[in-house]
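Letters A, B, C and D mark the chains in the order given here, with residues in each chain numbered from 1 onward.
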């Protein structure tokens, strides 16, 4: 008999809080390492593949600090011999000019020789090259990047599934990609659904990016009606990971990507089940970032849907300060690793897997207030 | 034993989000056709029967694009030989004058010859004439309109039920109307209730309009306390449609009407179970609309309750741009069909019936924020 | 074993909406009569016993229109030979002076001769005298008022229960009061609790006032933490009434009192289970009200807790317009009876008992928006 | 099989309301005494151990009124011979200077002789010395304070558990502390968790402080993502207390600490299960407080996380007025004890244990409104 559609509640960062439990430990006893492809990264925070966030120089620097920075193979770095000149131009433009400049900049074709050159630059600098492209460009770019020395390969679009129905005879088959790139680990995303995550894991990929339209300003939510708040997305996909692990013995990490802004958000993502998180804007605001204090989106490069506009972020702190402090701010936007460690210690969790066991509650009203207050202030200013 | 009244939760557009699933497809593989009366409309969006939205010229244009535009048989088109002169007057008036002018304009009686003339104008222009009136006027207007060539007939009031208790000996009986107009399909509304929908379907009507007092500005909600948010109304009535279909084999489409503003709202309505949606204001803002950049309500023409005031909307875009883009806006108010297609593709749904199977979640806080922010801004401006 | 405290959700006017069902009727077929003590009142709206709302003149006028107006036996009418002079003084004072004047005015003792005189004034004018006092003053004032011709007696305090534990040897016993005043019906309040309502009904009282601290501005909520939103309070106590009726065959009406502002609120109160409602502020804003466009509270006359301040309300409409329109306002604050009738008709309810059967849903976000918007505007203005 | 993480709802002061029941009593029949260590305190409100709240003079005064004031052993009183000079300096500084001054002031080491001297001062003044320190300093300070005459000892940090995993060979063991200080009662906190509370009670401590990151401005919530609203924290820990009492016959009071601002908050805390509450800011605003109208936090003295800034509070009332009125304010910030008594009386509760039985409901929308309104006003001003 016809079943009535049911609606479950979904929750975001501002809807929840972590509850300290019956054991505590000291922050210095905490090891929030993220393991992937036989390596252990002391910073479980990926820098997302955006032109204002990662260039080879940033990738190298961050890699040495202990994190993963993902270089975008569809951005200015692989379209221009001298990307710094392009980035200077975007930063120097007035706001009105900037949109047009950005749109023009990305019409230049990607050059295969530059893909190789950027990967090599990171390698030569002593960093671990991590690169990303869209499902459409994967077949073409992946072999080049891996040949040049890429050590992790990311396939990323708004929503990526193991089953994509298309008119073209042969789309991207993830099983083949994994086999072809072996032993280079393949990270795929984004997804938010339990079943979709299971199917992606079955293809053999090594990590999953989680997050579709999680935030208020997200065009996916406003324009398409699509999206799910990150805590629920993380809980759902982490559950799929745990079931898959129980069944197969293979542990496929979950990386929450989207909407994370503060140390509290980092802690909540990981407590909800993520093994790592991915952020863009906070990195774009560091002195080391290539964005020169600006940030711009390139998501959904769809003919009729708008390309992201340039946003002024400022160069607020060094990469080191963003991650480890010291800070005089009380809004959680600096010392992300210090906050994560303290949060884990307060729950007695010494590893990320232990932190997954900590209790969370829905505690919306308090944060909503804060948000409203912030918005009211933004409106006033 | 006396049962305590229970309250279930009801949800609107801003309370929910669509969740991408385990399959995706390309937007160009999506066919969001709406079928009614043996015809297939490529645009599942009806233009509502308001004087600022639909005149014969608009109806013809929109019909050729692939949509249904409903002409109001109780508006200026059927009261005046030269409605354009009246519309000019309303648009030219100051805001304070406008209310009085609008009230006076609708005191002129409806002329039966003009009903026929407007239907013929649409037909001659090459459009499909779709007309609407209230239950009170249906017996009188329906034969005239159908005789003149109307191909769809809409009976619409705030709340229409199959059982209306009245002092008059014989009110409108929908069974008879359906028989009398056969084979012209009869669309009836509005309703929001599961049982009321089933009873309406039993009368033989061909489609149901869903929506009573869904929005914040809606007088039904403020003045009468009556109304139900659209997602729940759509889920409830779509469930009735599915049960009725299982039992009888007859599929009676559900058309969600009221409060839809963005592509995200369109996608959510259809994902919730609607076969099509009906909108007014977005069309009133097109260059092709007869409202000249203004919009006014004529709902609840009740002696003691106020008639809608004139609202400035602006002529924001062409009809084509509203429906198909391109757009530089990120608020979802343009390219409604592009958004619907992308949304369906992201869920792997190639038809509207497949999109009904996609998952939705309650994710209120995020949109509430946005709303509050918008309102705070409106207050400031 | 020790049980953990549980919290149930409670709902107010802005949290719910009435859902139209499968039958409709015409507003003129609706009879929203309120029956009490063998009389039928065509207007199920009581005017509350406040000095800015009811004086003998207002009581007489409203009585003739078909409603009940409750005269406060602890107010200026029974303390002063010439209350109009006192009311003039309160209205003429500056805002800062007014608080002191109000506090001084209510230090004058209540005179028993004036109790009798006011009751007789209403009677002579052709009205039905309804009077109220606190539980403390009931034993002293009730015989005088009834002797003078009061036809309904109201015992009202913030919270009144059948069991009040006190040091004094003999407090007010409601059973005795009912017996003593018989056949004058006794109305008692306020309460919000199911069990408390049952116990009050057992004492033989004839109607129950429902509502404690329902509103945001309510000092009970802010200062004492006490209160419950009105829809839940009404549902809970109406359920007690229905169970009591089933068991005893005696129907004790429920009167929702507090926080009602619009026609929508009236409709929701009654749909939730109330047989009538009681309002103050809306009446205080009529030309006929003794408040001269002002209103002030006298609730919780507690030494350390503040007495209500004077609020400017304006003389916004005639009593007739408040109740029956016509209106040009769309916020529901005029034509309360028209709204109630239309709302009942839309649900196919011809009597209040039938309206109790209509369905309601929780639909909070929409109204919250409206509230926030209104507040944002108030803040701006 | 892997279990999906579940999220329960948690509630704060503004989410709930107390529901009056079927019995009432008079406020003067209420005895809200708090019993601890064989003494009965007529005021169940502890003054928290902050330098702007408690100095020996304040402790003495408050003690004589019937409450407990906790002296901070890590503050200016134990670092300076003449703390008044330091407090004058903090109060006299400009806002920008103040942060630096505060940070410098707390770098001076704590002197053991001053610990003893302050305790003696309270004792000599006729007060009951209650002192507090962090878990780190407990072993060192506790014997000195007790030796000098401290009658209650508080061990307090953001989160304190019975099991703390640390690299140092021997951390603080609460069992030993309790034994060592016997018969001086030991109060420990803070915690929010049911199991953590049970484990703390097993160590023999005499009372538990409840509250971690309850408020919006709380750095724990923003920075660490950690916290739980106070009503749920109180209900959960009070349940642990009741189970422990049933099992052992030993009653370990729960003291809710954090976020309490009004009489309504006090009443709700106790109704939710607290035996007493602890507040800082309201006391800091009294004329008797050492803060000179200012307040500053010293919480989480963590190298990379910011120390609290100085906030202007004003000297709003005498201690007596804060607790007992009279008041002309309607926001509940004065006459806390009057509000608590009235609230208890309205529920027919004569003792705190009886008040624990009163019913509470979730009634969020109303208070949210109020909050938004207040915030909108703050933004405007």
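By our rule, contacts are C-beta pairs under 8 Å (C-beta built on N, C-alpha and C of every residue); 3 or more make two chains touch, one makes a residue touch a chain.
Only a predicted model underlies this, so the values are computations on that prediction, with no experimental measurement involved.
Participant: Do the two copies chain B and chain C share over half of their interface residue numbers, or under half; same or different?
Facilitator: Mostly different residues: under half of the interface numbers shared.
Participant: Fit chain A to chain D on CA atoms, both being copies of the same sequence, and give the resulting rotation angle in degrees, nearest 5.
Facilitator: The best-fit rotation has an angle of 90 degrees.
Participant: So how far apart, in whole Å, are chain C and chain D when each is placed at the average of its C-alpha atoms?
Facilitator: 40
Participant: Could you put a whole-Å number on the gap between the CA centroids of chain B and chain D?
Facilitator: Distance between chain centres: 57 Å.
Participant: Among the residues of chain C, pick out those that touch two or more other chains and give their numbers.
Facilitator: In chain C, 11, 368, 372, 376, 379-380 touch at least two other chains.
Participant: Which chains are in touch, pair by pair?
Facilitator: A-B, A-D, B-C, C-D
Participant: Chain C touches which residues of chain B in the complex?
Facilitator: Touching chain C from chain B are residues 1-5, 7-12, 14-15, 158-167, 191-193, 195-196, 199, 212-217, 219, 221-229, 232, 302-306, 309, 364, 368, 371-372, 375-376, 378-380.
Participant: Hey, which residues of chain A end up touching chain D in the complex?
Facilitator: Counting only chain A, the residues touching chain D are 11, 13, 16-26, 28-29, 231, 235-236, 238-239, 242-243, 245-246, 262-268, 271-273, 324-332, 335, 338-339, 342-343, 346-348, 350, 356, 359-363, 365-370, 372-373, 376-377, 379-380.
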